[in-house]
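Chain lettering (A, B, C and D) follows the sequence in which the chains are written, and residue indices restart at 1 in each chain.
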Amino acid sequence: MESIQYAVFLLGAVFCAYRAIVAKRILSATIYLACISALVSGTLYLLGAAQVAVMELSVGAGLVTILLVYALSVVGDDAMDPASVIPKPLAFGVVGLAAVLLGWMAFPAVRTTAAVGEFDLASSLWQDRVLDVWIQIVLIFSGVMGVLGLLSEKVPGAKEEVEQ
Amino acid sequence: MAGIIVALVIVLPWAGALAVWLARNKHARLQHALAVLFSVLTAIVSLVLFLFADTEPAIRIPLGKAFGDLTFVPDGLAVLLTAIAAVIGSLAVIFSVDYMHGDAQLGRYYFLVLFFIGAMTGLVLSGNLLFTFFFWEITALCSYGLISFYNDDPKAVAGGIKALIITQVGGVGLLAGTLIAFANLGSFQIADLLAKASALPAMALAWIAFSFLVAAAAKSAQFPFHTWLPDAMEAPTPVSALIHAATMVNAGIYLLARFYPAFEAVPGWRMSVLLVGLVSALIAAVSALIATDLKRALAYSTVSQLGYMVYAIGAEGVFASQFHLLSHAVFKALLFLAAGAVIHSVGTRDMRRMGALGRQMPFVRNVFIVGALALAGIPILNGFWSKELILEIGLEHSPLWAYALMLTGAGLTAFYTLRMVWLVFFGEEREPLHAHAAGLAMKVSLGILAAGTFITWLFFGGLNGLLASTLPIHELERETLLEVLTAILSAPATWFALLIVALGCGLFWLLGRKSALAQGGWLDPFVETSFGFESLNRWIVQVTYQVAERFSVTQTGELNWNILGIVSALLVVLVVLWLGA
Amino acid sequence: MELLNFTGLIIIPLVSSPVVYLAGRLGTREITLRGRSYLVRVAAFLALLAAWVPFAASVRTLFLDGTQEFNVSTIWLRVDGISLFMAGCVLLLGTLVILFSGSYMAGEVGEEKYYAMLLAMIGLMIGLVAAGDLFNLWVWFEAMAISSYLLVAFYREQSASLEAGMKYLVQSAAGSVLVLMGIAIVLAQAGTLDMAQITEAVSGSAVNRLALLGAGALFMIGFGVKVALVPLHTWLPDAHSQAPSGISAMLSGAVIEIGLIAMLRALATLTGFALSWGILLMGFGALNILYGNLLALRQTFVKRLLAYSSLSHVGYILLGLGIALSAGIELGAQGAFFHVFNHMLMKGLAFLAVGALMYGMFLQNGSHRALKIEHLAGAAQKYPLAALAFSLALLGLGGLPPLAGFMSKWQIFVAGFQTQNAWIIVLMIFMALNSVLSLGYYAPLVNLMYRREASPKVAAGKPLTWTIALPLIVMSLGVIVLGFFPGLMDWFTVAAGRQFMQMFGK
Amino acid sequence: MIFTPLNIILFGVVGLLGVGLYGLLITRNLIKVVMVLQILIKAVILALVLAGKLSGHLGLGQSTAATVIVADTIVAVVGLALAVQVRRRFGTLDVPRISTLRG
């Protein structure tokens, strides 16, 4: 029974992912991304990782979607020519082979162990892995700097130089 | 004491190089003075070094596991070559005072020249193969810098890079040989390699021997790497003298002579050496017959004479080869510098435009003739004795056909030498070139070299004794000057060889004078392409560039293709690991 | 938290990063624009100078007491020979780059962000090399990557640098996804993320070796994007050529090597596969050398040429490590680490010297154009120091004695021939021939700079400042001195090489 | 029994990873490229939590997944900022048309 729930969620997620990458309009792709996020979040919840599921739902389905929509509103949703640069069969073949081989190699990894450790996000993150959190602060600072540096107002007088 | 002298002879020119560089180009007179001072000091010290010749290292500095001990061994061979490099080098520097007068970049010029001399002395004195390689590479670098010294001229740039690449390919041979020796012996000491050569696995020894032969051939511009030397003529003429007589090309001969006892037993090695020398001597002599560029003709004659030395080593005549190296260094430096005086004076290198210059510059004419006669092998100049010695040994230790071909080469040498002298200094005036007499510094160095051409053969006995006593492993035969002179003069082969030389001269007098200006006819295409090897070089360069061009397509600059690179690399690594597991 | 040990070395740059940023945003009324820019530069430089104190202290501790360990609850930082070696490289290059940037970046918009990010990147790199936890390693790595995106795309008015930044970001992110997949596999297998415990856990019989191989492949490719293994290298020529010169020096001299260390640390946790990794590293090494050289041969832009030459030098390093792993010859690892240091020195010098020339010829005249090879003609007349430094760097990279690059290549050669394995010897000769090939593009550059006829750009150039000259002098001296006394670095490279062999259980 | 819940998640992870990589190969719009990176991140989060569950350290899986979410959101933000600037400079987001650096 549990299997069927998982299967529905994940088939849905993979299907949405496929729809997202073939969608012609980016806005609809963004909606699909939000759906993937919700389905993955559901799976995480079923797995018992409730806190991360919530986080994924709020950040993945919420924040990222908002960011994408905002970015689209700035640049406009260009209707794209869907023909890809790389021949699709080639892309499909290489990715397919790599994914299948990787899956096959990692597959026997499935072995269940009884829970031995902490399973709570908060205690694990804030007690055991607090160093990760500290570095994340630097990381966020870097990201903010990056966005500020890239998006701050245009410099008066700066001009593009074209080579040759 | 010996340690200090050895250190001085390497450090002095390098210190001089630095001093000239630091003197800045604004103070040209100071630069000239410093260069002359340091090079002459080096020359004096190098002569003093003869007193300290020894088999044991004079300097030993431990450097750590991957580098071994840095040793310098002033044995007879090393001391002789040091002296050649330093003395001829200093004469070239003195000559440069006039030749390079008024040049804007003297700092760079003298820096490279002095650095070059120091590297050469380091190369021959080093008792550690790593440092032999180290100095070997520095000489390549310096020769590159000097050949393309006039770097606004694309021909000079091309000639320089060609010399660099070809000698570096040879350097790979030296590197491989050195490291195979190290991997088997655990030591970089030359003495160890010489002493334990017979204990090495036969296969490894053969690899070392042939790698070193490749290195030597590339450095000494021997077949099949002979293409770079004629193109190196774009250098300022004193540099040509330096490269051809004092430093660069001698390194290859030195390498073969140094390791001869280790490799002589390797099957086929001696024969290969002999053939390399033979082929180089002949094809270069033929090329010199029709060259119209004065310096190019001299360059071909260098390749040819180096061929004689290599041939001598192949015929077990290590000492004969070194003796000829000494003679050649002196008379070839003389020839190049005299040619430099001519070129500096008339502003062209084309012999077809010269002619009858002898009247305008009698001093240069006279010394050039001295050098030319030595090159042709006319008694009693030094070239005669050493060449006869080589031919004598060739008759004894090499197949008769090889000897016969080398003898023909001697005849060709006489022919092209005479042709050069005739075209430049005699005959009728073909173009109204204005020549002025050589300057004082030029005359000093030319005079010293001309005197040397008359007398260096007198040192035979002393050098022979020195080398024989300090190179125990080489097992050189001891002979006094008198013994050798009588041996040479009493051998019928000598008179036969002289006959051939006379024949060469006579042929030129009868036939060549008229047609000296004519094109080489059917020979032309062969010489033009260095007997096909020039086109081989070009082909390699072209293919490399084409492959690069093809490869550059893979850098599409498009994000999607870039990601495909990542994914396909993942696939490949996965497959490799999966199959390997 | 003591500041006088390795943690201080991490904390000082990281904390000073926001401080420098804030100093640059002080209210305009109190302080003029120029004054602020000056303040930022001095603050950043002093911060890194201060970091040398804990560095010296931890070097002392390492050689007296051996490996140091610090923990933040369950996450360990382990300071061993490799950590300290790489931290030293990063710190040295970082200090010189910050000094160099003083004039180079003066007056650029967002100067304070530049220094803040540079400091953060240096701190994060130093932290990364000490990480003792697999996932923590990734966090350092990702943070370092994020701090470098802005630096690469710093000239946001230039379309090409935005393009380079975009490619860099997407390819790094793709690589980082693969690394995370690998971490997930290892976590599933070993049940822990601490490197030492993973090594223990996976040496048991209960684990699945095939899965671990898959994880290893993911690590190799994922981190390999940063290391610029061919064919994952495609971002590198763009990013290196478009970034400000100081950042190009950092990217080439430190970031790709840090990526390599991250890859090695991750691979080392999976015991028992050293031979496979060794062979793969050698394969990638040979590919990198050939590809880098061939593409450098036909470049017209100087910085792009140097970027391709970085590819080939990564190849030499990989070959050295590969020899050490597959044949168990420690000398190979020592040579590789020595080459890491020398490459940092030489390529850093090359990029800074190019930067100096660009500063003189373009930036001073208000232009951000890329330097083409033809612009270099006759540069030695006006910029004798920069031209000499650039020549030394190029000839050193070409492996000519008596410069540093020769000595480290030599160590790798010696190690390769010591294996007495025919394949490896063939590879070594291939490498040597490639070194010769590389002279085909290094030597003409040197020649060009010493021409008599200066290019119009050189003629219109402006003089350099002492903050630009000083790093060039220091690094040039380093390149020469190490060429004559390679033993000077032994105490560092030997420790790193030994640690490397221990990591892989050899 | 091959279709255990855990195996199904494994298939899901591989499926999302494969689709995401395929998306990176065929997507030409930069904003969409940043979006596709998010799909890959979903696969990673799932994989990490799954690994935590399998090895019995779900907390570890959760905390690593949380860190990944934060870090990669930052990457997405910076990527979007870059893409916006690219659009301003080039006037397009199409990969082939913003590829000026080649060879």
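Basically, contacts are C-beta pairs under 8 Å (C-beta built on N, C-alpha and C of every residue); 3 or more make two chains touch, one makes a residue touch a chain.
Please read all numbers here as calculations on a predicted model, not as lab measurements.
K.L.:
State the pair with the higher C-beta contact count; candidates are A-C and B-C.
P.N.:
B-C
K.L.:
Determine the centre-to-centre distance between subunit A and subunit C, using the mean Cα coordinates as centres, and give it in whole Å.
P.N.:
Centres of subunit A and subunit C (C-alpha means) sit 29 Å apart.
K.L.:
So what's the Cα centroid distance for subunit B and subunit C, whole Å?
P.N.:
About 41 Å separates the centre of subunit B from that of subunit C.
K.L.:
From the mean C-alpha coordinate of subunit B to that of subunit D, what's the distance rounded to whole Å?
P.N.:
63
K.L.:
Centroid from C-alpha atoms only, then distance subunit A to subunit B, rounded to Å. What do you get?
P.N.:
Distance between chain centres: 67 Å.
K.L.:
Where does subunit A touch two or more other chains at once, residue-wise?
P.N.:
Expected reply: 84-86, 91, 94-95, 98, 102, 105-107, 109-110, 113, 116, 128-129, 132, 136, 139, 142-143, 146, 150, 160.
K.L.:
So which bits of subunit C are touching at least two other chains?
P.N.:
135, 139, 142-143, 146, 149-150, 153, 156-160, 166, 170, 174, 181, 185, 188-189, 191, 210, 213-214, 217-218, 237-238, 295, 298
K.L.:
Quick one: which residues in subunit B touch 2 or more of the other chains?
P.N.:
552, 555-561, 563-564, 567-568, 570, 574, 578
K.L.:
Mapping chain-to-chain touches, which pattern fits: line, ring, star, complete or other?
P.N.:
Complete.
K.L.:
Along subunit A, where are the residues that touch subunit B in the complex?
P.N.:
Residues in contact with subunit B: 84-86, 90-91, 94-95, 97-98, 101-102, 105.
K.L.:
Would you tell me which residues of subunit C are touching subunit B in their complex?
P.N.:
For subunit C paired with subunit B, touching residues are 166-167, 170-171, 174-175, 178, 209-210, 213-214, 216-218, 220-221, 224-225, 229, 231-235, 237-238, 276, 279-280, 291, 294-295, 297-298, 331, 334-335, 395, 400-402, 406-407, 410-411, 413-420, 425, 428-429, 432-433, 435-437, 439-440, 443-444, 447-448, 450-453, 486-487, 490.
K.L.:
Which residues of subunit D touch subunit A in their complex?
P.N.:
3-12, 14-23, 25-29, 31-32, 34-36, 38-39, 41-42, 45-46, 49-50, 52-67, 69-71, 73-78, 80-85, 87, 89, 92-96
K.L.:
Write out the stretch or stretches of subunit B touching subunit A in their complex.
P.N.:
558, 560-561, 564, 567-568, 570-571, 574-575, 578
K.L.:
What residues of subunit D sit close enough to touch subunit B in their complex?
P.N.:
Residues 21, 24-28, 30, 33, 95-96, 99-103 of subunit D touch subunit B in their complex.
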